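Below, each structure is written out as structure tokens.
Both complexes below contain chain A, partnered by chain B and then by chain C.
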Partner chain A sequence: MEEKQVKQKVLDILKPYVREPEDLANATDETDILNDLKVNSSRLVDIILAIEDEFDIEVSDDEADDVMTVGDVIKLITGKI
Partner chain B sequence: MKKRRVVITGLGIIAPNAHGIENFEQALRNGISGIRYIPHLEELKFGCRVGGIPENLEHISEKYFTADALLAMNESMRYAGIAAVDAWKDAGFEVPEHDDDRVNWDAGAVVGTGIGGADTLGIIIPKVNDGKTRRLGSAIVEQTMSSSVSAKLSGIFALGNQVTTNSSACSTGTEAIILGYERIAAGKAERMLCGGAEGSSVYAWSGFDAMRVLNTDKNDTPEKASRPMSATAGGFIPGAGAGVLLLESLESAEKRGARIYAEILGGAVNSGGQRNGGSMSAPNSTGVQKCIRMALDDAGIQAQNVDAINGHLTATMADPLEVKNWAEAFRCTPENFPYINSTKSLIGHCLGAAGGVECVASALQIYKQFVHGSLNCEDLHEKILPYSRSIVQKTIDKPIKYLAKASFGFGDVNSCIVMKNFEF
Partner chain C sequence: MSQIHPKNMAPVFLNRGHFTNQRLIHIPFKIRFKHAVQRRISWLFFPVLAPVIIFILRYVRKNRIEDHKKIRMLFKRIAGESKIPTLICANHLTKVDSIFIHHAFASLPYYWFHFRLFSWNIPAKENFWKNPRDRLVTYLGKCIPIVRTGSPEHHKEVLDTLRYLMHKGELCTVFPEGGRSESGRIDVENVRYGVGTILTGLPDYRVLCVYLRGRTQEGISDMPSKGDSIYFDFKVITPQSVAKGRRAERDISRTIIQKLKEMEDSYFAGTNN
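Now for the complex of A and B:
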């Protein structure tokens, strides 16, 4: 799977958790999930679960703790698929 | 200390037969039943296969809440949220923006539930049993804590006063309103969102079906299934939804020129102690009568002044006893018994939401001066027959100055509230 496709799938997963849709439309690899997209921090658990299901991978708690930005998520996924 | 006067300035309702105050008033006036056949109950081999579930919840929810919020709102929370937003706006307030950091320290909420998050428990249990606890996600606790139905309201309205959930089975909703009324009367709050909410989970309803307290005889004619006061009552019909009232100090309401539906003159809650015929599932009549008299005393009125009663009246064998308890508490005969009706005949028994939904119906009847008809009691129970002239079967337009509403619940708990038309 190309990185571009991975990114689109990640953005789709993030969609229901993002308060302002335009923030997601303008997201780059540097976009911070909590601060820029204003995702409720407790929902990161659900986002990781959705990523595990979508890409058929397993993400440990330590790996999840290191995820801050959209780019971090993409890097984590591409390193496992 | 002299208690402050408390009035109802906003109403919100999502019931099996209507969403919204105007629709609900029409449904009450026209005897519209919200009881429908529920195929899922048949699939699960319930004896009772009909119920009262508000329609179009998904569609309505999307108009009220963001996708993010809905991911963590189960059915009872959605009902509570919708009814509370409606009551808040109905009272003339705006719902604050989420990024507006001002907190409303004078406003709070007491919204109760009986078995609120049972639908969410239905998601949890198989996953935990399969060793998949880590896959439950983040939104379980906020949907299963008993206070979920009130806690969500704090965030929606930036409530800074007491925000809590009471739970006293089928007495819950009316008790919540009395708790809010007392808080405002004591000067501890200016405005309280009060009422009850209950989801329609089969996991909540199953226990009642197993107890054989639901009517199983009218699965083919759902609108005839809820039969309070009838000789062929046969058990209650489970219902769901929410009714929320915005209570406010009279001082605050008058200062802002708010519309006043009714004044809450008084209320009382008690328990029969599960003695003298009372048990976990049956009332001690002495306790019921005492509760009604305490509410009248708190309101400062005589029983003969009460024009109408909105009963608990569920369509079980307790209905004749309830009517007798009202008569004895009022020390009246069938000849001078006030009008009485049962909102459950239209919507079933909404359990923890029942008192909230039925207090909305009561406030509407006082404000609009009518008593709605009770469906399905054309064949009155023989012990209720002497009171037949008081039992409203078809809606009547009548001056209603004082109305008494009571709810009773498992655990032998009682609540009674007295409302007064503000214009009289």
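Now for the complex of A and C:
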């Protein structure tokens, strides 16, 4: 799967958790999920679980803790698929 | 006949459930010691501090809890007679909800003689840390401060501590929404999965779901209105999940918040009133 496709799927997963849809439309790899997209920190678990389901991968607690930006998520996924 | 050497025997609790994780129930000596000291100091000051707070609630604020005798009788039967790790999960509308939960469940002398039932709380550090008086009161009130925006390591330490305390038979109170219900109603979508994290690391547990609300309470406030009577309902559940890890934590947390929502719905439907 190409990185572009992964990114699109990640953005689709993030969509229900983002307060302002515009923030997501302008998201880059450097966009911080909590601070820039204003995702509630308690919903990060839901996002990680959705990623596991979508890409059929397993994400450890340590790996999940390291995820800060959209780019981090893409890097994590591409490293596992 | 083969003999089992004591060194090869696993602690009993390791065989009692597939979610059990011995590592999670043990916490560093430094933290255990810190909380043992806090518990002892809280107990010593309890006869001085607790009556003052209860006096303020009952005679200055004139708040009374409905069906108080019945609640205390049931609580004694449920929590007093068994040391199954018990987590109190409540809705959260005022800053003094945990005090009302203490007050509702038992009398001061009962707590003095069964201090494990005076539950630990995890208030947000940012709410009280700046004021020395509040810091002292929360320390003496068996509180473990949590920094909401703290690191995953800090959150893990607090959750591990609560799990350890519950395993030792202490009661703990948490608010699954992580803060007060901004809309005045339980927000099922806003549940924090930390509650599931605490429970999945225990071999055996139960949850006391508590729904409390001043009769005139509309939204959130610092205190219930003066003279307001407090509706108080509680149910015991044992939420389980066939999933593992984060999924189990999510399932369990959602079961608890759903139960609280049901209790809220029955309050507004007037079926328990």
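Simple rule for what comes next: the second predicted complex is superposed on the first by the 81 of 81 C-alpha atoms of A that agree within 3 Å, B and C clash if a C-alpha of one lies under 4 Å from a C-alpha of the other, contacts with A are read in each partner's own complex, and residues count from 1 in each chain.
As a convention for this text, a residue touches a chain if its C-beta (ideal position, glycine included) is under 8 Å from a C-beta of that chain, and two chains touch if they have at least 3 such contacts.
Being a predicted model, the structure only gives us computed values, none of them experimental.
*Asks:* When the two structures are overlaid on chain A, which partner does A:22 contact: first (chain B), second (chain C), both, or neither?
*Replies:* Neither chain B nor chain C is touched by A:22.
*Asks:* Looking at A:2 after the superposition, I want to know if it touches chain B, chain C, both of them or none. Which is it: first, second, both, neither?
*Replies:* In the superposition, A:2 contacts neither chain B nor chain C.
*Asks:* In the superposed arrangement, does A:65 touch chain B (first), chain C (second), both or neither?
*Replies:* In the superposed model, A:65 contacts chain C only, not chain B.
*Asks:* With the two complexes superposed on chain A, say which partner A:56 touches: chain B (first), chain C (second), both, or neither.
*Replies:* Neither partner.
*Asks:* Residue by residue on chain A, keep only those touching chain B in one complex and chain C in the other, then list them.
*Replies:* 40, 42, 45-46, 49
*Asks:* Across the complex, what residues on chain C touch chain A?
*Replies:* Checking each residue of chain C against chain A gives 149, 152, 178, 190-193, 246-247, 249-250.
*Asks:* What residues of chain B sit close enough to touch chain A in their complex?
*Replies:* 66-68, 71, 98, 135, 137-139
*Asks:* Under the definition above, what is the set of chain A residues touching chain C in their complex?
*Replies:* Residue positions touching the partner: 40-42, 45-46, 48-49, 61, 65.
*Asks:* Touching chain B in the complex: which residues of chain A?
*Replies:* 15-19, 40, 42-46, 49
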